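There are two complexes below, and they share chain A, which is joined by chain B in the first and by chain C in the second.
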Partner chain A sequence: MSAATTNQSNTGQPDTKVPAGNNKAPQPPAPRRRNSLAKGHLPRFAIPGIAAGSLVLGAAASTLTGFSVATMAIYTAIIFVLAASITTTAVEGPRRGKNSLATYLVYGAFLLALVPLASVLFTVLEKGLPGINMHFLFNSMNGVTGAVDNASVENGTPVIGGAYHAVVGTLLITLWSTIISVPVGMLTAIYLVEYGKNGPLARAITFFVDVMTGIPSIVAGLFATALFAVLFGPTARMGIVAAVALSVLMIPTVVRSTEEMLKIVPNELREASYALGVRKWRTITKVVIPTAISGIASGVTLAIARVIGETAPILVTAGLANNINVNVFGNWMATLPTFIYYQIITPTSPTNIDPSIQRAWAAALLLIGMVMVLNLGARLIASLFAPKKGR
Partner chain B sequence: MSKRIDVKDLNVYYSKFLAVEDVNIEIQAKSVTAFIGPSGCGKSTFLRTLNRMHEVIPGGRVEGEVLLDGDNLYESGVDPVTVRSQIGMVFQRPNPFPTMSIRDNVLAGVKLNGKKISKSDAESLVEKSLQGANLWNEVKDRLDKPGSGLSGGQQQRLCIARTIAVKPQVILMDEPCSALDPISTLAIEDLINELKSEFTVVIVTHNMQQAARVSDKTAFFNIAGTGKPGKLIEYAETATIFSNPSVKATEDYVSGRFG
Partner chain C sequence: MTTNALRRQGSKGQAGDKIFSGAALGAGILILITLFAVAIFLLIQALPTFSANPALITGGEGFVSYIFPIVIGTVIAAGIALLIATPVGIAVALFISHYAPRKLAAGLGYVIDLLAAIPSVIYGAWGYLVLAPALVPAYQWLAENLGFIPIFAGPASQTGKTILTAGIVLAVMVLPIITSLSREIFLQTPKLHEEAALALGATRWEMINMSVLPFARPGIVSAVMLGLGRALGETMAVALVLSTGGLIPSLIKSGNQTIAAEIALNFPEAFGLRLSELIAAGLVLFVITLAVNLIARAIIARHKEFSGAN
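Coming up: the complex of A and B.
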């Protein structure tokens, strides 16, 4: 679009140069000369016009095959891409035609990728919002039985029972897994970049970190269960076991993102620090890490966002609780994903499942909200810690 | 506050590759010494051995002796950190720390080492160092702004201020003006002339006029061919090197018939 307008301004300027020192009778304005550098260009309304036409044609084609919004969108898109690029080729030449074809295909791919995201957000908002209220946010499922749900359905009263215990569990377990994995992951990355120097140990660590990235989450859960079974007996299920399982999943992500961030710190800064007589570990802690901290922080936040929605490893490590448990070192705990899972699979009241489904969707909305807050937090952290520019 | 450097039979390696061979040179205290020579002849590599920065590069090692007022830098038991706090270095590209303000950049050598410094001492050190680097008047009103906001020439002078703030004996400069415009270059050259009264200065430069302008003695390095080690060809008073060199290769190089 902007290319087209630039083009327009090229040809739009009439050649009005008058020879200097010419003070005879006023001449008629020089005839509008065609710029030999400019090619033809579509008028500004052409592309929107083609789009409108494609919409009409698409709707018509869709009606022929049984109308639906999806087929109409597909037909419209195909007709528009073909018509617009053919028109552009005809008027502006083959290079611009190819350019517009590629541009529209890229836009199309982007819209296609956006469809599932928008759909998920819409569905979760639609089904989850009715269940979100203060009662849901600040109450657990303790004491909520099938009879309670049956009563609320029969009497038409609001649904009793909430996800407070699951929110607390999610936050605590994620917090503890962050506490475990950030130091381990960051120190590993520091070793790899600053000390390992691509030696055999560093290459072995890189290899195993890559392997860890591919571990299925349920395997991480089984590992943590087995580890704690050896240490504390076979029935040891508590929040910290889940935190260990999640940190197994988090560590490789933290290592990778920290490693990439440390690698892009220019070597000149390290050398500048060494040349001032600063020791290596102080160079790392005072120069290298502060320079990379914004990237590291956002990498860590994204790693948290990745594990916060894990279900399987929580089920086998922290079990499931209906009551509020703020102690990660004792008793079973619930998290939002396991809460959703159990509300759907084993509704509290087998005969009236609607309250359970409503709670599940509301919890899903909460979970998505938490992940979004984390992602926004990552951006905020990145911009807060970024090296200051300006004069 | 300046010491002399004597180099004896120094060979510099990158892993197994001999980069600079058999250098013997005496650098006087409170003088400016310039290293000139074609690209890749090992001037910068050699310069970096003078404050043990060469070994920062993986595989970098040396054989031979570098004596700072008679003390060998490469004796076992010598801490490279001590060496570098006595022999400072300014690099080709200005590299102020991007996370720090101008003030913190100047104080970096003190603060990063975890030394305690009182506020008034810090202020006077910042002012003295920036004045020493001819930068004080330009930045005194914005000491808390980031150093990366300065122009290239100002950044380079900030790096020099940072270097002299740790009160070294010797300052090494690796093509300090190659990324700067002529006016900034002139500012740095004037500064080098002033630094001479307090420090021993060693400068690597590709600009022969610059070597002629700023240095007391000049060393010419050359390389026989790709893959061969660089060598110190001739070392003499700058005037001699540029007007009456004793080696043919030096004459060819300084007169522009070569390299």
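Coming up: the complex of A and C.
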């Protein structure tokens, strides 16, 4: 009876509808919010409720095995995914249950992928910042021995020794590999797009450029060493060898990005130029390349960002130096990646490794900063200097 | 007079044309030569190893028994990396292509690409100083509770510098490769297939399972192969993270070695026959990664022909 009265009081307000309602519906209407469309659906508060519950359970389970944020997160995630998808299966059926399980797993995978990124960036910032100062930036490791590090730990004085030589080496070697690979890479891309016309040679080059992308960096380093060993004797280790090794890694990236950019230059531009009687090479240098230059520049910047952090090829080609060497054609050279590697694997003072670790993290921060600036710079170049679209 | 002037100008331009097209052709051929030179110079420098007295090779039993354990170690490390990175990478790619809000998708893709931008030596340092110590309790738990399985046989490493840690670091490094390649392929799925599935009442997962994944399968396979190529050749992460040793089945004890790390760790002090040995190891690595990459590229190329019909 109560249902009937609520029905009357509900429909009582608009007077015109009263007779129709009374005539038609002797049986009680479905309870509010649970009409036939919402049947077999979880109420809106169910999923947040399960999330809160599994957070509590996860925290409890984590406390049992020694509390830590990591185990709590893991337990909570497992309990939530299981509970939420089982509830969905029970209420909404197995198809929707599977769907929600897949959704939670996909979201979870994305969050999981962010964990190492956040952890690496946080660690580098946290441990690198204390080591960055003017002394670190503008001094080399020349004359810094284990005794110096021991003294600075015992007396609590600031850490002596810096990465200036490594920064110089990184910039010079990267500069030389850019000088080698940009002309070769751009000319190859021009051949592929403007001259090759999908002939057998062009297809072979495209294929092997793709294959070259997959050469392990250490093999590129070994190749450069072997090449210079044949030419100049087995102990030839200097900056230019490293630059050649990095070029092997850099050329394919430059070719691919330049090729993509040249391909999207509209054919009308070329045809207009030919129609004015301009020769092909003038058309390419004066019309095609200027149109695509923003994309090419950003591709080259990304290629530089890729090779600037390479360690393995430097390790086998440029050796290791503690002093500043600005001559890429003679003597060993240090770079930031090899500096980081050697500071960690062979600390300057084996008994007090903290100064070395601090220098390694500071150098890592410097290197990550360079890479990020190059990456953002590439995006900026691409968006700022992009050619105006015709339509 | 006028015809002369015209001809003179014409011939001048022709020379420029010829020089330019010649330079472009030369650069293209230079790349082919470089790739073959990589193989040939490595072979020249590695030759002494193959002809040397087997007793003089490290280990004293010839090159094959020297290289075999570290090839297996390389495969184990890369296998762990792929086992972790493949499901996560595909799920992340699906998240970006089909789950994330449209406006956020491009930005999230860029965040994942940042993972690829971080230099490998920094991953190595992170694995060495942060991840390895953090995993020690997990390894001890594994050794205590699952120690009867040979791959989790104890006692667990006290430093966490094991091949499993190296594999996890490698997984982080190959994840962006798998993600970005599969994302591109997921986005190429014909919209009509997806909409047809949804119109028949499929849930989102059924739509993905019925239209996106079958379409993308060859692409996923080649993305995983390219990730494998990267994981096989990655040096610094393993050189820093792994505490090396002989070939052992347990993944949570120090031991095992990979080719790339073997070269990086020993090259600076090597000379003579040892140098040639390491270069020979590099040649083996080159051949393995080349084969993996060739297969991956062949799958992509075949896939392209078929998908062009849509």
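Operating definition for what follows: the second predicted complex is superposed on the first by the 269 of 391 C-alpha atoms of A that agree within 3 Å, B and C clash if a C-alpha of one lies under 4 Å from a C-alpha of the other, contacts with A are read in each partner's own complex, and residues count from 1 in each chain.
The criterion applied here is as follows: contacts are C-beta pairs under 8 Å (C-beta built on N, C-alpha and C of every residue); 3 or more make two chains touch, one makes a residue touch a chain.
No experiment lies behind these values; they were computed from the predicted model shown.
S.K.: Please indicate which partner A:Gly214 is in contact with in the superposed arrangement: first for chain B, second for chain C, both, or neither.
M.R.: A:Gly214 contacts chain C only, not chain B.
S.K.: Report the partner of chain A that touches more of its residues: chain B or chain C.
M.R.: Higher number of touched chain A residues: C.
S.K.: Please indicate which partner A:Arg279 is in contact with in the superposed arrangement: first for chain B, second for chain C, both, or neither.
M.R.: A:Arg279: touches chain B and chain C.
S.K.: After the superposition on A, what does A:Thr103 contact: first (chain B), second (chain C), both or neither?
M.R.: second
S.K.: Considering only touches as defined above, state whether A:Lys197 meets chain B (first), chain C (second), both or neither.
M.R.: A:Lys197 sits against chain B, while chain C stays out of touch.
S.K.: Touch check for A:Thr291: first (chain B), second (chain C), both, or neither?
M.R.: The first partner, chain B, only.
S.K.: Which partner chains sit in contact with A:Ala360 here, chain B, chain C, both or neither? Use first/second/both/neither.
M.R.: A:Ala360 sits against chain C, while chain B stays out of touch.
S.K.: Once the structures are superposed on A, label A:Val230 by its partner contacts, choosing first (chain B), second (chain C), both or neither.
M.R.: Once the two structures are laid over each other on A, A:Val230 reaches chain C alone.
S.K.: Return the residues of chain A at which the contacts from chain B and from chain C coincide.
M.R.: 279, 282
S.K.: Provide the residue numbers of chain A that touch chain C in the complex, in ascending order.
M.R.: Of all residues in chain A, those touching chain C are 70, 95-96, 98-99, 101-103, 105-110, 112-114, 116-117, 119-120, 123-124, 183-188, 190-192, 194-196, 201-202, 204-205, 207-220, 222-223, 225-227, 229-230, 234, 248, 251, 255, 279-282, 284-285, 305-306, 308-312, 315-316, 319-320, 337, 340-341, 344-345, 357, 360-361, 364, 367-368, 371-372, 375.
S.K.: For the complex, which residues does chain C have touching chain A?
M.R.: The touching residues are 13-14, 16-17, 19-21, 23-32, 34-35, 37-38, 41-42, 44-45, 87-89, 91-92, 94-96, 99-100, 108, 111-112, 114-115, 117-126, 128-131, 134, 172, 175, 179, 203-206, 208, 226, 229-230, 232-236, 239-240, 260, 263-264, 267-268, 271, 275, 278-279, 282, 285-286, 289-290, 292-294, 296-297, 301.
S.K.: Quick one: which bits of chain B touch chain A in the complex? Just the residue numbers, please.
M.R.: 51, 53, 56, 58, 80-86, 88-89, 91, 93, 95, 97-99, 108-109, 111-114, 142, 145-146, 148-150, 159, 162-163, 166
S.K.: Which residues, counting only chain A, touch chain B once they are in their complex?
M.R.: 197, 266, 268-279, 282-283, 286-287, 290-291, 387-391
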